[in-house]
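Let me begin by handing over the structure; questions about it come next.
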């Protein structure tokens, strides 16, 4: 079962896939969708096959969602919304103009 | 009279020098009326510092003619315009052309053939040799005005050889670069 | 001549490398094979596979790095599988896995290098980071056979004139602000023309129908050139045309009818930009004393640029080399080729810590060990 | 460049006998013994009987309208710089004779004399004479000459002019061993210390590549001459230029490929 550990000065957390029944999971993550720019999305990840690796992909997608949500909340604590959008843009787009 | 020719252009350049002219105002009137017999360039000597200044202006006007890029009505008025450092035809005619009080001037005829097929009886004055040693012309020049018109910098009354060469070069620069 | 086989194993009949490219909106995978000895007319590198998938955005839209990275992330595995299948090679034949280390856009580079690192650990094959521009140059030289050309590298992200000297590809002249491809793409956005197959390609088709030349700023400064001023100027003309700004005398006649068309604007933009490129290239040729010019990078596929460059080069009794869109547009094979050359000199891959990608990676930072 | 270009030039220089001196990326330099408008009897320019014609041929790869505009603009701006230099006594440069901007033609004074081996007395050729003889290559005469050249470039920069293509071939020594700067095709007006630093860096690399044996001393003397013109309150300006020069050298400004 894939897991991820978060260690910071004031807390330590262990993340695991929170959905045991893999049939509920998919490779389409909540946090890894396209930006609102994209009208027709042709770049979804491929469907997961019913194999060990297929299931692993779904679990990791789920784990990644949990991490993204948790980290975004962490950012939210100190900054107000405008900074978050700015910080997120910097993180995601690496201040390359398109 | 002096006749010269530039290698690049077919025309013959005839240069006459007149002094003690008595009928300047009559000549000026005919010029303004565009009388055919007055198809010459009438240049007053007050701002003609050297022969290379005059030849440089004539060269440029023939070049403009050759590139069919004349800014004035004919080659003779173009010569006057090319003498001037300012890109304004009226100003050029005023500074370099003749006034009623001009007694001393240079007459230029650009012609397509070698022989002199015109006469200058219209001028009531004495024709003298133009072809003098280069610096002779300076005696007739109003230096203060020359400095002002060609923006030659701080005025210097007595000119040594070096000064003359430098002034000459500054004048040629303005003639060649006017309006470019 | 540099010995390219110092690490050739006794029984090894050839070298094989896979290359992953994703520095901009094109994701590409290529597999190449070198045979021992110097690369030459008689010993050409063999292209086993060279496939590409371009992230296309709707007309008038730029592309966000995060969406580009997502495209690369979700397509890279499928592309690698297809490429290996196509090349009919066996995984353990691979000598190295090459990836674009930079320059380029951060997020897309990241997606690709993660795939490369994963494969490297999965298959236990060494990793080689490659400078994107060196990839273009080396592939261009290999495909065209130009041994020591002045290289004009023109793409969405780069505009450089490069000449080789003392084991470095030195930048001779470059853009002082935006790249030429970027300038063309952004003008395409102003005109709202499609981005498929590429904005530059569509501008080229319009330019072919252009008739009258509109004067634009010509900004070459010594060996460098700047294009942001030209873009601002022509954007303005286009907007006045679209918004019927009758007082713009360049765009409209006295009677209010348009004097120029969109085709004329595209035509004039190309004439001006390409004239500047050819000028600094000619200056570099005269300076280095070279008779060969090689054009690489996406904009190099533009036929008008190739034609203008050819006229200049033939006038100097020289030779021009250009590659077709398989190679001049970003591709994986060029990364594999340049990476394999580096690998043959190093005999080993990069440490994992050295496989970090960089958005800024100047061409003259690379030590060209494989040339004398 | 092809012969059609020379034919082209001759069509604008009817009856002028010319010989080709050099061909760069942009222009051809001709030499002639005919002055465009002074009858040979009174050629007032100093006894020199030779004149230089710089011709910018049309570039067929460019759109005709664009090409004519560029040729005209560049011919005029080079002539303007010669005009500016006439008004700067400290800088020696060829004098303008005539200009035909539409056809890209510039007439100017010929500078220099023929060295023993018939080459023109450019700084490059003059220094190459001493190439194989250390005792001659580093004499006081060479030192003074290079300092004089340095002073010329210093005066140029003091007047906020940048040459843009300083090499030892673009510096000519006249009969009375005055150093002249020539070829202002890439020159421009600039107050930026960065541009002046790049000017110096280009020259340093050029000296390094064309005179490798003694380039250390040569560059040192050039810089000494250069620095000597900045005195009094100008010294802060000099320090700033030299600091930029260091940055440019470290950055290996792409001009470094001259080496």
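By written order: A, B, C and D. Residues from 1 in each chain.
Please note the rule applied: contacts are C-beta pairs under 8 Å (C-beta built on N, C-alpha and C of every residue); 3 or more make two chains touch, one makes a residue touch a chain.
Labels paired with UniProt names: A = EKC/KEOPS complex subunit GON7; B = EKC/KEOPS complex subunit CGI121; C = N(6)-L-threonylcarbamoyladenine synthase; D = EKC/KEOPS complex subunit BUD32.
The model shown is predicted, which means the values in this text are computed figures rather than measured ones.
Novice: Between C-D and A-C, name the chain pair that shares the greater number of C-beta pairs in contact.
Specialist: Counting C-beta pairs in contact, C-D comes out ahead.
Novice: Roughly how far is chain A from chain D, centre to centre by C-alpha average, rounded to an integer in Å?
Specialist: Inter-chain centre distance comes to 63 Å.
Novice: Could you give the separation in Å between the centres of chain B and chain C, each centre being the mean of its C-alpha atoms?
Specialist: 61
Novice: So the centre of each chain is just the mean of its C-alpha atoms; given that, what is the distance between chain C and chain D in Å?
Specialist: 37
Novice: Find the geometric centre of each of chain A and chain C from their Cα atoms only, then give the gap between the two centres in Å, rounded to an integer.
Specialist: 32
Novice: Would you mind listing the residues of chain D that make contact with two or more other chains?
Specialist: Where chain D is concerned, no single residue meets two or more other chains.
Novice: According to the definition already given, which pairs of chains are in contact?
Specialist: All chain pairs meeting the touch criterion are A-C, B-D, C-D.
Novice: Which stretch or stretches of chain D touch chain B in the complex?
Specialist: Result: residues 13-16, 34, 36-39, 42, 44, 76, 79-80, 82-83, 86-87, 95-103 of chain D touch chain B.
Novice: Tell me, which parts of chain C touch chain A in their complex?
Specialist: My answer: residues 55, 57-58, 61-67, 69-71, 73-75, 78, 105-107, 359.
Novice: Applying the document's contact rule, which stretches of chain B touch chain D when the two form their complex?
Specialist: Touch list, chain B to chain D: 4, 6-8, 50-52, 55-56, 58-60, 63, 67, 69, 134, 153, 165-166, 168-170, 172-174, 176-177, 180.
Novice: Write out the stretch or stretches of chain D touching chain C in their complex.
Specialist: 1-2, 5, 24-26, 59-63, 65-67, 69-70, 164-165, 186, 188, 252, 254-259
Novice: Once bound in the complex, which stretches of chain C touch chain D?
Specialist: For this pair, the touching residues of chain C are 163, 165-166, 170-174, 213, 215, 218, 221-223, 271-272, 275, 278-279, 282-283, 285-288, 307-309, 311-312, 315-317, 364.
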